[in-house]
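See the structures that follow.
There are two complexes below, and they share subunit A, which is joined by subunit B in the first and by subunit C in the second.
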Partner chain A sequence: MATERYSFSLTTFSPSGKLVQIEYALAAVAAGAPAVGIKAKDGVVLATEKKHKSILVEEHSIIKVEMITDHIGMVYSGMGPDYRLLVRQARKVAQQYFRTYLETIPTTQLVQRLAAIMQEYTQSGGVRPFGVSLLICGWDTDRPYLFQCDPSGAYFPWKATAMGKNFINGKTFLEKRYNEDLELDDAVHTAILTLKESFEGQMSSDNIEIGICNAKGFRRLTPAEVQDYLANIA
Partner chain B sequence: MARGTSAGFDRHITIFSPEGRLYQVEYAFKAINQGGLTSVSCKGEDTAVCVTQRKVPDKLLDPSTVTHMHQLTQNVGCVMTGMQSDSRYQVMVAQSEANNFKYRYGYDMPINVLCRRIADINQVYTQNAEMRPLGCSMILIGYDDELGPCVYKTDPAGYYCGNRACSAGVKQTEANSFLEKKYRKKTNYNHDETIQLAITCLMTVLSADFKPSEIEVGVVSKDEPKFRTLTEQEIDFHLSAIAERD
Partner chain C sequence: MSILNYNGGCVVAMKGKNCVAIACDLRFGVQSQTITTDFERVFELGPQLYIGLPGLATDTQTVYQRLQFRIKMYEMREGRRMKPQTLMAMAQNLLYERRFGPYFVEPVIAGLHPSTKEPYICALDLIGCPCEPADFVVSGTCSESLYGMCETTWREDMEPEDLFECISQSLVNAFDRDALSGWGAVVHIIEHDKVTTRYLKCRQD
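Up next is the complex of A and B:
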């Protein structure tokens, strides 16, 4: 199916020294649905908006907050199809690590490898950068981790961050609300409030997705649990 | 932030434009309308249906060979909308993937897994410059023993999702509005109602009264999970039922 590849890179330097394809990819990310990540003392929460353009779409046929391993989860802002490819690659990377070392992959290792893949697509021949920024959360060595991976291949550890539409407002909100002593429950609460800042319409368990990661591992909250949290903020 | 013009190639290959868009993918969507056809698909309590126009442009063509519905696995079928050659290719790939899955894992590829696989392949074309996106959209219908009746749609952007009802082609927007109105009020249509809803939707948006030979209808249901296309007599039965209702 794949034919000869272009032998030259499509992402090249502009006279001012910028890689404009990456900047444009970031524009695609900034146009995507909002996603929020917050690190608490005892865990990490990832939350995202999952609005569908029509009532004809089955809300639960598509999942945005995906599990990579038992203790690592991921969410994105930007282009859905590109994200699916990265989820696939992340899972593969995690399994390959286990096969080599017979140990579950530490979050930092996964992030580094995934970011390296994203960087490859900014330099290889005939491909464009990914139009997604990833938020990766994990628990290992008895502590929580939260990382962001950009289309450029750069990755950043965060205490709390927002991506996608209105991310600047989201980050400002988090700067005010975040403190080091947050418990996971409070963090989920804060994440929902951050999403609410830019949410148009009524929030429900059908149009947001929340994942948490703690010592017990990563899991998505069930619609019933999401509903409980939403009831508390009302 | 770079505010600038593109190098001029963002309309020719799938690289980002300054606004973060992929023009080639957007053009691929327009190519779907080139065929001039519309397809509609919907599901009810225990049935999933897809309907499309059957335009035979030339009297010398053998009408029995003109079809846009294809069987992918025993219980999953699809309707293709868009450029004919790209459609044929995508069906071939889907059938191949489904068969590989059966060989490797020993059971039929579920409809959602198949749709995701096709969508992932579509995504590759949006990221690699040497291959253009395909100018066609695939709507899959199937009866899954865990999920019940299913309607899944994938498009040139590599996006896919499960639907209660969806449409593709020239009159997509009108068809979706029609279906939204219907599904707002009721979602548990029975076998005959589902089929007639899909046909009525197509008739309404195209403002046409069909003869049985002018449309194709593909059905899966709980009682008959095998994908099949209705015969002219069966289509006639439903068309009469619709006419009597109105």
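Up next is the complex of A and C:
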């Protein structure tokens, strides 16, 4: 990763003990599009806003909620290009795991490995930290998982969380609305409502993206399914 | 003389009813000269997970140490016990990494699944090709004799005591016909709650 000119790390400590590059990376995340993840009894939902700057943009060609393996999905807040790289690496890590153990990668293992990759970029020469926080959802050993991975390489398991613009309001909203007995349908409903808190304008199946993960695996909801959920809210 | 016959030795594993058995001989020699008669080539890798590594003795030791390293790292990283099927995948990977300069061992794995307690046996060749039959697996210098003995004596769903008799008789009568194996045997019967290890008395030649 380092060229000859940069054998030193650009992420260095400040006198107060902080890594300012990581703080700035978190600021880039907080300026990104909102993303929400909620764990239900029988699955996990990931949702994100997909607003475009111009009406000329072809909305359905850009996908934000990505599948990593049959049973693991991912979404982000922050810089899109950095996210694409991490999606590639996550998919590679998952397949390498399968090659070695002939077993699909457990969600916790994928998260640990991905977080280790993100941490490398905070301690290597000539590179900057990733400007994304990831929300990773998965299903294995008969239970759902939801994790957040930060630019620092720290990872957190969540029952429900929000990232990106207005994440504080999102989290407060979720603290009130979340309970342990949510079913997946209710979780999707709650996720949409959480996104609506910070949404400017009219929500439609073209400007939000939803993915769900349950015992049957991970999949993105079709625009028609998203429209059904939106109709229930209106 | 093949390098796999240099030190001699053999291993056999069988499936029974809710149990598995794995056994090996104890001879360690250099071609025709017997050096020791206490060289065990079946190792414990987990509470109900055993691997037999017949073949070149130096590779027996190295492959066992390398596998043990990988298993301990796996169990610490993942926080769970290794399944026999996953051990097979891991051994396959380890052996194929050396595809063009292989380890001269042909492993045999026997164990019970950590939670379902389902019996599992498999054998791999020296470059990692697995074989997962429903009855028994054999490996070593007297493998042909072992195939014959096991084929005739094995029955489905044998209780642990019958399985012990079957595997012991198969092993002893097979390696008695082989100059490079023998000089004693050890048998492990693996059940869901205990492992019984017995040393067999046999012809010392």
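Throughout what follows, the second predicted complex is superposed on the first by the 229 of 234 C-alpha atoms of A that agree within 3 Å, B and C clash if a C-alpha of one lies under 4 Å from a C-alpha of the other, contacts with A are read in each partner's own complex, and residues count from 1 in each chain.
We adopt the following convention: contacts are C-beta pairs under 8 Å (C-beta built on N, C-alpha and C of every residue); 3 or more make two chains touch, one makes a residue touch a chain.
Every value quoted in this text rests on a predicted model; they were computed, and no experiment measured them.
For the composite obtained by overlaying on subunit A, subunit B and subunit C can both be accommodated side by side without a clash. In the superposition on chain A, A:Q112 contacts subunit C only, with no contact to subunit B.
Residue contacts after overlaying the shared chain place A:S204 against neither subunit B nor subunit C.
By the touch criterion stated above, A:R84 is placed in contact with subunit B alone, subunit C being left untouched. Contacts of A:G131 after superposition: subunit B is touched, whereas subunit C is not reached. In the superposed model, A:E23 makes contact with subunit B only, not with subunit C. Annotation for subunit A, partner touching more residues between subunit B and subunit C: B.
Remark: in the superposition on chain A the angle formed at subunit A by the CA centres of subunit B and subunit C amounts to 110 degrees, rounded in steps of 10.
After overlaying the two complexes on the shared chain, residue contacts for A:Q96 are found with neither subunit B nor subunit C.
Using the contact criterion defined above for the overlaid structures, shared-chain residue A:N179 touches neither subunit B nor subunit C, since it reaches no partner.
Of all Cα pairs spanning subunit B and subunit C in the superposition, the closest are 25 Å apart. The part of subunit B that touches subunit A in the complex is made up of residues 1-2, 4, 6, 9, 13-22, 93, 112, 116, 119-124, 126-131, 152, 157-166, 176, 179-180, 183-184. The part of subunit A that touches subunit C in the complex is made up of residues 99-103, 106, 108-109, 112. Of all residues in subunit A, only 1-6, 10-11, 14, 16, 18, 20-21, 23-31, 52, 54-58, 61-62, 79-82, 84-85, 88, 121, 126-131 touch subunit B in the complex they form.
By the touch criterion given at the top, residues 77-78, 83, 85-86, 88-90, 92-93 of subunit C touch subunit A in their complex.
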